[in-house]
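Below you will find the structure I want to go over with you.
Letters A, B, C and D name the chains as they come in the text, with residue numbers starting at 1 for each one.
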Amino acid sequence: MDTFAINLLNGLCWGMLLFLISVGLTTVFGVMGVLNFAHGSLFMLGAYVAMQIMEWIPNFWIGLIIGPVVVAGLGIFIEVFLLRPVYRRDVTFQLLLTFAVLLVLDDAVRLIWGPAYHIVDPPPLLSGTISFFDQSYPLYRLFLLCFGPVVGLSLWFFFQKTRWGKVIRAAALDREMAEGVGIQVPRLFTLVFALGTWLAALGGALSAPYQSIGPSLGEKIIIESFIVVVVGGLGSFPGAFIGAIALGLLESFGTMFAGRVQMALPYLLLIVVLLFRPRGIFGKEV
Amino acid sequence: MKRMFLAIFVIVACGMILAGPAVNATGKPVKLGFVYIMSGPFATYGQFAKRGAELAIDEINKQDGILGRKVVAFFEDSTGKPDVAARAFRKLVYQENVDCLIGLDSSGVAKSVVPLMNEMKTPLIITHAATPDVTGKVCNKYTFRISVNLAQNVKAAALIASETKAKTWTTVGPDYAFGHQSWEYFQKYLKELKPDVEFMPDDKVAFAPIKTTDFSPYITKIMHAKPEGVLISLWGGNLIDFVRQASEMGFFSGKWEVLMTLGAATEVLYALKDKMPEGIWVGTRYWFLGNDSPVNVAFREAYFKRFSEYPSYNAHGAYAAVQAYKAAAEKAQSTDKEAIVKALEGLKIELPVGTVVIRAEDHQALTPATWGRTAADPKYPIRVLNPIRTFPAEKVTPPVDKTGCEMH
Amino acid sequence: MVHQKIGRILEYPFSGLIVFLVLGLFVPLVIPTYWVMVVTEILIMGLFATSFNLLFGYCGLLSFGQAGFFGVGAYVTALLLSKGVGSYILICIASITATLIAAYFIGYLCVRRDEIFFAMLSLGFGMMLFTIAHNWREVTGGSDGLPLSTVPPVDLGFSKISLFHPLHGYYFVLAFVFVGLCILQVVVHSHFGLMLKASRENKERLAFSGGNVASVRLVAFLMAGGLSGLAGMLFCIFNRMATPDMLHWSFSAKPVLMTILGGAEVFWGPFVGAVIFFVLEQLVTNITENWMFVLGLLLIPIVLFFPRGILGTVLNLMKSSGRGSHGQ
Amino acid sequence: MASENILEVRNVTHRYGDFIALKDVTITVPEERLTALIGPNGAGKTTFYNVVSGKYRPSRGSIIFNGVNVTGYSPHKLSLMGLSRSFQITNIFHELTVIENVMIPIALHEGKGFYFWTKYRKDRHLFNEAMKVLSLVGLEDVYARVTRELSYGDRRLVEIAIVLAGKPQLVLLDEPTAGMTPEETEKMVHLIKNLATTTETTFFFTEHDMNVVFSVAEYIYVLHQGELLAQGKPEDIRADPKVREAYLGGSLDT
C-alpha cells in the first residue's frame, strides 16, 4: 500500500513537471499551428539562465522570476526573425527550422557553460523533507505538485476569461477574420510564442533543483513532451494535463511491473491512444 | 580544430626552438588520432580525454618527442554513435594516416568498431570504454585497452562486498549492456567469494533508461525491496541525479551498504560537492590521490596547474595511452604499426595509476583497481576517498582463459 | 540559354539515373580513399532518404519511424552474417522480406492517419522497434548491437571479391543503390506513381474517383520500408555492425533533414540533400568541434531562402527562366 | 419498376451526436431523369450526398444502387460501381495538370491503379480517353496546364470532367454552379443539360439557384430540416405552399 502511495506521488510529481514543459508546446501549437522542436532546448535554456542568475544573486526566487523572462525575450527574437517567414509553409519547414534552432541552442549552451553537469539547490524554504510512510519525501517535489495546477489554472483562466485570452483564441480559430476586425495577428503571435517560451523556461527553472543541468536536458525531454501533447490532443490544456499525468504515472508504476518493456511505455501509450482516439484524448475529431 | 591545434603546436615549437633545448625535428611527426565524444550529452568525457592527451603530448614534445620525432594529435568526434565513430576512424587512418588510434568512451561504440581494426591494421588503444568484450569475445590483434575494465572494477566491488555483513544484494544501473553486465559480473564474483549471499530477483532490481532524469520510482523500488547491499553502476549525469534525489528520499541513511562502481569519478564529485554522502564505497578507474609515486604526483600537479581541476579517470586514460604508445615505440625503436602492436604486447610501464603491464594474450592492461569510502576533507573542494583501497591487478583481473578472447 | 536546356534535360525522367550512374562509376576513381568511403555512405543514406521521400514527397506522409525499417534490414543482415550465411542474394531477400513484414503491420495501422498524427504514430512504432533491438539482448545483442568480425567476399562465380577494399565495397553498394533508385524512379512515373501524387494532393478526391487511399498508401509504405531495409542492409555490411542507434528516432530525422535540404518535390532532392549533408558535415567538423552550432546556423538560411529545398529551388529557377513556350 | 430506379434511398436517418441531420428520408432516382434536390441552407442536402456517396454510413436506413444494397460501402467502391459525385467546394487535384486530374479516375476505373512498371505518360490509350472526357467539358485546349492556374469556372469544369471520367451511371452534383458568374453559370447549365441528353449518365443535383433548378430538373425533391418536405415535377413544387413557406417566400421566384 505504501509503495503504491509513494509511486503515486512520484508519478504525479514527474507528471507535473512534464505538464509544465508541455503546456507551452501545446499553447504555441494551438494558437499558431507551429510544432516547436526547439521547445526542449528553451526548457534547458531556462534552467541554465536561472542557474546563472542564482549564481549572481543567490536567491532562488529571483532566478525563477528573471530567468524565464530573459528566455522569453529570445523567444520573441526567434518568432520575429525566423518563424514569421515560414507560417505559410508546410509544417515540416517549421519543424526543420526549429530543429536548426535546437542545434544552435544545444551547442551554444555547451559553449557558454561548458559540458559539465551543474546542480542548483532548492530554496531554503523548500529544501527540507517530510516524513511519509516512514520514508522521507522532499518538500520541493510537493511544491511542484501544487505549482503545476496553479500554472494550468491561471492559463485556463487567462484564455477563457480575459479579453486578451479571448482575442488570442479568436485569432487561432480564424486568422483572416481576426485581421478583419482589426486584431494585429503578427504581434499577437509574437506574444503567444513569447508566452510559450516563457512557460518552457519556467519549467526549466523549476526543474533545476530537481535534476542536474547539462547540455542534454532538452533532448531528453522533447520527445516525451511531444507525446504528452499529442496524447492529450494538440492545443488542449486539459489534454496536456491529463497526458502529462498519465505519462508520469505510467513511468513511475512502470518501474514496478514493466521490466524490460519499460523503455517502450511512453511510445506504447502514444500508439494506443492514437489508434483509438486518432486526435488524442481531448482532440477534436474531424 | 585541427588547424587550431596545429597553430598552437607551431607556436609552441617555435618558442621552444628559441628557448634553447631544441627538439630534434628530424623526420615526419608521429601522428596520433583520438576519437572521443566531443558533442552532446557526454561531451564532458571527450573534453577530459583531450586535456589528458594534450598534457601528455606537450610533455613529450617538450622533451625529445617520440624517437626524436614530434607528436601531432588529431581529434575526432564520435558523438557516441558507432557509425560516426567508424567514420572518424576511417578519416584518421585513410586521410590523416595516423600511426595509432586512441579513444572510445562508449562500450557499445567500442564493441562495434573494434572489428574494423582487422581491416585498418592500425593499433587502437582504448582508454575509457569498459566492456569486457573488447579484450574478450571480440578481441583482436590490433586492439588494446590501457584502462580498467568492467570485470576488474566489479571484481574489486565484489571483494569489498564480501567483507561487509550484507547478504542480500540488489542493483541500480543504467538500462543498457553496461548496467546489466555490471550486475551479472558482480553476482558471479561475489557468489564465488561468499557462497551464502543472495541476489534479488529481476523484479527487485532497477535498470533506468539512460535518458532518465527522475529516479524517484527506481529509488522507491529499491528502498521497498529492503536489501542489505546495493550495487550502483549508474555514471555521469545519471549518477548525479540519482545521488541527489536518493539522499533527499533517505536512501543513504545507512540501512544498507552502497557500492557505486563509478562514484569516484571526479566529474561527479565536482558536480555534487558536499551533496555526495560520506561513507559510501565508490570505485573509479583512476584516483588522483591513489598513490604518491613521482609519476602520479607530477601528473596530478601538472594537470591541476593547467586546468585548475584534479584529473578525472578519462583524462588519465588518454594520458596513459599516449605514454604507453611512446614506451612501445621506444621499445620497438620504430613507429611501424605491426612493430608497435608487438611492442605493446607485454609492455610494462609506470603510469600515474601505478605499474601497468599490458597482457599479451588479450591486450588488457593489468592495472590496479581503486575503491574507497567517500569522506570530507577541508583541503579539497570535493569529497575524497578515505580509506583508499587499491586492489592489485592480479587480484581483480580475470585469467586469460576466462575472458573468451581468442587472438590469432 | 544553357541552364534552360539543363533544366529541360533534368526533367526527362531517366536522365537523372544516367548522370547518377556515370558519376557513380567514375567519381571514386579520382578521389582519395577516405572520400570513397564517405561517398559509399552518401549512397546508402541517399537511397534511404529517397525511399523515405516516396512517402513524404509523393504521398505527403511524414514518416518519423523510417529508421525502424532501416534497422530491421541491418539486424537481419547482421544476424545472418554472424550465423555464417555467405550469399548476399539470400541476405538481401531475407532482410527485405523481414522489413516488408514489419512494414505491413505498422503500415496497416498508420496509413489511415495524416500529418502530425501519422508522424507521431510512425515515431511510436519506430521506437517500439528500437526498444526491441535495445532490450532483446539474447537475439539482438542489446545496446551493444551485433558487431561483425568480418564480412564474406562476394562470389561472382568466376572470382571472389573481398569487400575489405574500399573501392570494392563502394561498387558493391553502388550496384544495390542503383537498382533501388531504378525501382523508385520507375514507380514514381508509373500509373501507381500518379495515384501516389493524387493521394498527396487530395485523398478525398482520390477516394471518390475510385482509389482506395489506404491501399495506395500501404503499398507505398511497403515500398519505402523495403528499400529502407535494403539501405539498412548495405549500412550493416559497410559498417560491419548493426546497432540500436540505427533505429532511434534521431536516426529517422536524418532522411527528413536530407530530404527537406535537397527538396521533397523532386526525385533527386533527397539524394542531393544527402550529398550536401555529408559534405557540410565533413567540412564543418574539419573546422570546428562545435559542428552542431554551425550546422544549425547554416540550416536556418537554407530553410528560409530555399523553400523547395536546394535542388528544388534551383530547378524551379531554371524552369521559370525558361518559361514562355512551356508545355508538357 | 424497381430495376429502373438507379438509386433508391430508403428511410435513411443520419445523426451527428444528438443532432439529427437526416430524418427518415426516402428518395428514388429513376434512370436517365434529371433529378434535383433542393432545400434551404442547413436542410441536410450535403449530408444526404455524403451518406449516399459513402462518405458517411447512415445511422439507419438503406441505400440501393442499381439493385444492390450498398449501405456502408466506401466511396472508392461506390465510384468503381458507377456512382460518382462532385462537391460544393471545388474538390480536384490542384497541383496536377488538367489531364492528370482526369487520367486518375480513368486509370482507376480501368484497373491500372496498381500498375508499377508502366509509365502513365506513355499510355496513349489513357491519354486519348482523358482527352475525350476533356472535350466533353471543353477543356481540351488547356490539358497541360496545372489546374491551380485555371479560372474558377474552369476548375469547376475540371471537377465535372473528373466526375464523368469513370463513365458513371449516376452522378451526384453538389451545387455545380456555386460561386460562379452568371456567364459561367449559364455555360454550366447548358453543359449539364447537354450531358444528360447525349450520355447515358443519370444526373442528380442540388442547387441553390432556383432558376437553374426549374430550367434543368425534370423532377424535384425538397428537403427541409432533415426531412423530406415535398416532391414532384417543377411546376408542382413551384406551386407548393409548404415549399414556399420553407424558403420564407422570396427566393423561389428569383
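The rule we apply is simple: a residue touches a chain if its C-beta (ideal position, glycine included) is under 8 Å from a C-beta of that chain, and two chains touch if they have at least 3 such contacts.
Because the structure is predicted, anything quoted here is derived from the model rather than measured.
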(message) Strictly by the touch rule at the top, which chains does subunit B share as contacts with subunit D?
(response) C
(request) Tell me, please, which chain's centre (mean of its C-alpha atoms) is farthest from the centre of subunit C? (result) D
(request) Could you give the separation in Å between the centres of subunit A and subunit C, each centre being the mean of its C-alpha atoms? (result) 33
(request) Could you please state the distance in Å, as a whole number, between where the Cα atoms of subunit A are centred and where those of subunit B are centred? (result) 36
(request) Mind checking the centre-to-centre distance between subunit C and subunit D? Centres are C-alpha means, answer in whole Å. (result) 42
(message) Going by the contact rule already set, what residues in subunit A reach two or more other chains?
(response) 106-107, 110, 263
(request) Would you pick out the residues of subunit B that each touch at least 2 other chains? (result) 39-40, 175
(request) Spell out, as numbers or ranges, the residues of subunit D touching 2 or more other chains. (result) none
(message) Based on which chains touch which, is the overall arrangement a line, ring, star, complete graph, or other?
(response) other
(request) Would you please name all pairs of chains that touch? (result) A-B, A-C, B-C, C-D
(message) For a test of understanding, state which residues of subunit C touch subunit D in their complex under the given definition.
(response) 13, 186-187, 189-195, 197-198, 201-202, 204-213, 215-216, 219, 327-328
(request) Using the touch definition up top, name the residues of subunit D that touch subunit C in the complex. (result) 53, 74-76, 79-80, 84-85, 91-97, 99-100, 103-105, 107-109, 112-121, 123, 126, 144, 162, 165-166
(message) Looking at the complex, which residues from subunit B come into contact with subunit C?
(response) 1-3, 38-40, 75-77, 81-83, 86-87, 90-91, 94-95, 107-108, 111-116, 118-119, 131, 133, 138, 140, 175-178, 180
(request) State the interface residues of subunit B toward subunit A in the complex, per the touch definition above. (result) 39-44, 46-47, 175, 202-203, 206, 208-209, 211, 213-214, 216-218, 220-221, 223-224, 236-237, 240-241, 244-245, 248-250, 267-268, 270-272, 275
(message) Help me check something: in the complex, which residues belonging to subunit A touch subunit B?
(response) 2-3, 6-7, 10-11, 13-14, 17, 106-107, 110, 114-119, 129, 135-138, 140-141, 207, 210-212, 214-217, 219-221, 251-257, 259, 262-263
